Amino acid sequence: MNTFGNLFRLTSFGESHGSCIGGMIDGCPAGIMVDMDFIQHELDRRKPGQSTITTSRNENDRVELLSGIYEGQTTGMPIGFLVRNENHHTNDYEEIKQAFRPSHADFTYQKKYGIRDPRGGGRSSARETISRCVGGAIAKLVLNQYNIKIQAYTSRVAHIRLDKSYKDYDLSLTETNVIRCPDLQKASEMEQYIARIKEEGDTVGGVISCVIQGVQVGLGEPLFGKLHAALGSAMLSINAAKGFDYGLGFEAACYKGSEQNDSFYNDNGQIRTHTNYSGGIQGGVSNGEDIYFRVAFKAVPTLLKEQSTVDIDGNETLLKARGRHDPCVLPRAVPIVEAMAAMTILDYLLLGNAK
Amino acid sequence: MNTFGNLFRLTSFGESHGSCIGGMIDGCPAGIMVDMDFIQHELDRRKPGQSTITTSRNENDRVELLSGIYEGQTTGMPIGFLVRNENHHTNDYEEIKQAFRPSHADFTYQKKYGIRDPRGGGRSSARETISRCVGGAIAKLVLNQYNIKIQAYTSRVAHIRLDKSYKDYDLSLTETNVIRCPDLQKASEMEQYIARIKEEGDTVGGVISCVIQGVQVGLGEPLFGKLHAALGSAMLSINAAKGFDYGLGFEAACYKGSEQNDSFYNDNGQIRTHTNYSGGIQGGVSNGEDIYFRVAFKAVPTLLKEQSTVDIDGNETLLKARGRHDPCVLPRAVPIVEAMAAMTILDYLLLGNAK
Amino acid sequence: MNTFGNLFRLTSFGESHGSCIGGMIDGCPAGIMVDMDFIQHELDRRKPGQSTITTSRNENDRVELLSGIYEGQTTGMPIGFLVRNENHHTNDYEEIKQAFRPSHADFTYQKKYGIRDPRGGGRSSARETISRCVGGAIAKLVLNQYNIKIQAYTSRVAHIRLDKSYKDYDLSLTETNVIRCPDLQKASEMEQYIARIKEEGDTVGGVISCVIQGVQVGLGEPLFGKLHAALGSAMLSINAAKGFDYGLGFEAACYKGSEQNDSFYNDNGQIRTHTNYSGGIQGGVSNGEDIYFRVAFKAVPTLLKEQSTVDIDGNETLLKARGRHDPCVLPRAVPIVEAMAAMTILDYLLLGNAK
Amino acid sequence: MNTFGNLFRLTSFGESHGSCIGGMIDGCPAGIMVDMDFIQHELDRRKPGQSTITTSRNENDRVELLSGIYEGQTTGMPIGFLVRNENHHTNDYEEIKQAFRPSHADFTYQKKYGIRDPRGGGRSSARETISRCVGGAIAKLVLNQYNIKIQAYTSRVAHIRLDKSYKDYDLSLTETNVIRCPDLQKASEMEQYIARIKEEGDTVGGVISCVIQGVQVGLGEPLFGKLHAALGSAMLSINAAKGFDYGLGFEAACYKGSEQNDSFYNDNGQIRTHTNYSGGIQGGVSNGEDIYFRVAFKAVPTLLKEQSTVDIDGNETLLKARGRHDPCVLPRAVPIVEAMAAMTILDYLLLGNAK
């Protein structure tokens, strides 16, 4: 299940400390101009070491597109790609070969497969998100033609949260700070809080919000293919994701029907809703309003503190991470959320065309 | 996309006021004794009219299994089934043929398909959950053989919520009240609140919690097939679902890594975790602990109040539902949540066997 | 794997002697007028008892469409359907419950599933083709809008074969005789031959040819989704099919490249080929010329002669079919071949639209 | 549709003259020792230039496995791989950029996608079979553990054919000659014939036969997932394939039922058949006997002769291939047929385990 999507499909491979992270995009429409700078830029957004509060490893990931492009345009054929891995400190990971890091995939993978690549977390490392970024960047290039725009931002770190709607922020400010938060005051508070947590050798989680604008009416398939179910599945497949909701989301529980129904009106021939509690999706199908949702992320489980655990032989032991680790995954997850959203929307757009 | 699952697959068809709701289960293991009473019982749990606060239509749904069974056992062949529809008051729905009910699928379906069956909501009616219940009941019969147990309950209605862990309740009390809430005091409060809302002609949402016990280590597939992504997609496909989270879920945002990591210990040869903030899933794969999650539901959008909307020609108009409608979908959604969970877990159990 | 197709999908269930044969079509475009007479007519074409040389059971199969239709048109929602089974002589099949009929699915199903429904062949009975006919009829209704026409005919029974291209026959004669062969002289020979074989209690196989006209350039997907691979898989899924080839097919082996290449020319602005050895498909994609292919069928394995076999306990025994059985499946397979072709072409047409 | 398989899945990308041919295997069982020499050997078998009658390009294809392996064993994670392309004479292909080669994919791809990579045939080049060989080699490593053995051989070139069953040949002789034909006399005739055709600048087709031994009873899924339908689809996806049949195949047409039924007997507790006209598959499910089938290939359409065609603007023109080309694809297709068979069988073996 390393393939995502129905008609626009990302296939992904690669481990943290193998030779590369790679993948393939199948079903990309033909005739799209491939803007390599944009793709590399999207990839760079997920890079660690963008500030003192994210992992300081100096990764220098360059994407190579291996197929599916001729004279600068997509041909409709699969687009293979890879990013070479560098900077292996394999001995940093000798210890976790023997012991299971708490709340990581070490134990479950070992039990499920009887073997695992422990180097840097192997397949379950966050490095796999490289593939998602490449796939998402290419999806965005296609969505540009439909004037569909996807913007995610950090809306919560620990107790520090943005309480207002995405409409009340200037989302162009998101990329101006390392937190990727459009509220600069809150961004500063979050940054300071994360710095403090980092000093403790601890980590912290948060919430990412995402808005998709310009989606036409009609994306989404009946019953099990509801658009928000696809978005939810996409988001929950990201490492460390713990929850997804859209529109009013979990808050819908305390709204009456009369308070959350979005009444329709005729906006010069276009049917629109006065409010948008639905989050742009009704009956599983986009209604033309902005689509917005949230994704909850837990704190990274890798701590620079001693933790009790069990080794591969069942003996209890202590484990403390070494090296450089993110105290907070949120800023780097922003482009991943956008990438997964872009691939999902494009996939459903193509499904909608198939009639 | 009216098919759910990879190896254990439910296919569903039927509209609220068509001749029947039906479907088919493909990939059910052979040799399972088919307990018709149990299946009918599971179906009855979703039935409206179980109390004064749920829809009082007297539906009398009897499931017929049409194939895939020989001498009382499953044969591995597809199990077709149907439940005949009765009690059509088609004229009740003449009005919504012309106008789009706010926050329903009327508008999006009409735009997407250029046509829709307005009678009783057509395909997007909650009656489609009949198929889910039948599929879930059969999945449960298989899961019984693995001693896997799935229990959902209403944990929130509007502002009234259960604050404690599922471990602190006696879940056998869930089915003793119409709310399906194991806290009898809270159940009573919820019931009264819903009755009041009903008098207003209004509706209310809430949250359902679900626990899955007895799942072995190893269910879940890498990357895009993480177990919680599959559960999330399953739950979000239910009508009126607005959100899904598991383990600590959205609350994980305000826990430090050191506070939410589940440290391992050796429990007489079995590796277990002291705590279970992970919700029984680590790296997308079950770790042998209880799996638990929540699903948020919005208030039913059908109100016995006048609402402004737009008709099929774009003219603004007023609409007020007639007939009998649920003021709160939660109690009837409890068995649906269980059914979707059962099918997901069985599907992943079969995927895990394929090696 | 009781579902066929990618975007236009047929799901099928039901056994020969269960309550019904049924299924569901998912992904049918909305707004198609449903011509029930046509659907029933297509179903009637597969019916046994159309002549003295096919099974004389008086099946009276009426299809009921259960969903997905409103005011006579498809709504884009799944179309459930069923055909009730009648005329069960279950005691006719007591014997095969104990013994494995040679070259049937009895032995393999028993070993694979540990259980099988022996009544009338259960799931592996030719009655399952009812679902294919219904799916094919609905696909044909959609293809009519694209002026795509599909015609199959019996081109060989035993040693009696049609040696000429489909272009040299008047295919409108196909339905004028019980063999469904457009060469009336050969049809008569085939009929007499089958009658003779029937008297011997034996059976005989043959070949069905099929032509698809009006397909635009561009149907077919790269690599594993080549159009002829999809057609081949569809045809080989029919009971008793032993082979598939298209264009020159197996004869291509003895043609030189220079003899079988189809050179292009410009036909008033449309690029066409002078010859059509390719069978309308090049590089796996339709090129606008007629698509044609053949399907080989073995003789029905049910004989009114004694055969040696083994019973369920491994004891060697003798078995002789009772009741009424087809001496030759070919005439009744003609509509099945068309049905599978129609669903495949429509599925690929929708895939082609998804861009 | 550049992905093949259900549970064991090959995804493929790359063009003839792009940077590489690559792909990924998903769903490979964990704990398989990866024998790189064997994989490279399988890849070398498809290499051109193995004799004077196959393409004399000196390709030196080395496979790199990029992921999914740890300490020499598969980990259950996806196995990415690539083979770098070398030896580009891009100017050799300037001409076919403008004109459509007869009976190639040039025209259909151009019309379908509006763009195509003409260099060396782009995606539709036979170089894509590199991915199939790598996938097949890895599948064979897994199948070795089940003692399943797959052997293909050239059984026909033009009019020169092997008339006997595979049982009457010593298949170990297959790899002793450039034709890959176990009948050395016929191999010699074929070789001489191909040499003569080559001198004419022409090409020739043929048939490959394949035997699969050691498959247990029970591989194959009901209805649309019949084992031979999967094998047929796999084989028909190979470039230049025109037909597939199994067991008696097209010859079944002229056998009576009584002549081709395989009667069962008890072979010391194991139920076997006296004959094997069924080709090891009954009712779509393997019955434990040898599986055997044939694949027809047309002559390569690239001729060293002038052919009339049409250019991209619709003007009629002449085209003559330059460079080095295979006069007969058969010998090099033998390992491809084996590779596709190996992946199909392993995929169905895993499907069979999923219960």
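For reference, chains read A, B, C and D in written order, and residue numbers begin at 1 within each chain.
We take it that contacts are C-beta pairs under 8 Å (C-beta built on N, C-alpha and C of every residue); 3 or more make two chains touch, one makes a residue touch a chain.
Predicted model only: the values in this text are computed from it and were never measured.
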Practice item. Sort out for me whether B-C or C-D is joined by the greater number of C-beta contact pairs. Key: C-D
Point to revise | Chain separated most widely from subunit D, comparing mean CA positions | key: B
Practice item. Could you tell me the distance, in whole angstrom, between the mean C-alpha positions of subunit B and subunit D? Key: 46
**Study point:** Between subunit C and subunit D, centroid-to-centroid distance (C-alpha), Å
**Key:** 27
Point to revise | Centre distance in Å when subunit B and subunit C are each reduced to the mean of their C-alpha atoms | key: 39
Revision key, fill the gap. Where subunit B touches two or more other chains simultaneously, the residues are 1-3, 12, 30, 76-78, 112, 123, 222
Point to revise | Residues of subunit A that touch subunit B when the two form their complex | key: 1-4, 12, 100, 102-109, 111-112, 123-124, 128, 156-159, 197, 200, 202-207, 217-218, 220-226, 228-230, 232-234, 236-237, 241-250, 252-266, 269, 271, 273, 277-279, 282-287, 294, 296-303, 305, 307-310, 314-316, 352
Review point. Which residues, counting only subunit B, touch subunit D once they are in their complex?
Key: 7, 27, 29-30, 76-78, 222, 350-351, 353-355
Review point. So in the complex, which bits of subunit D are touching subunit A?
Key: 1-3, 9, 11-15, 18-20, 22-24, 26, 30-31, 64, 66-68, 70, 73, 75-80, 82, 112-117, 122-123
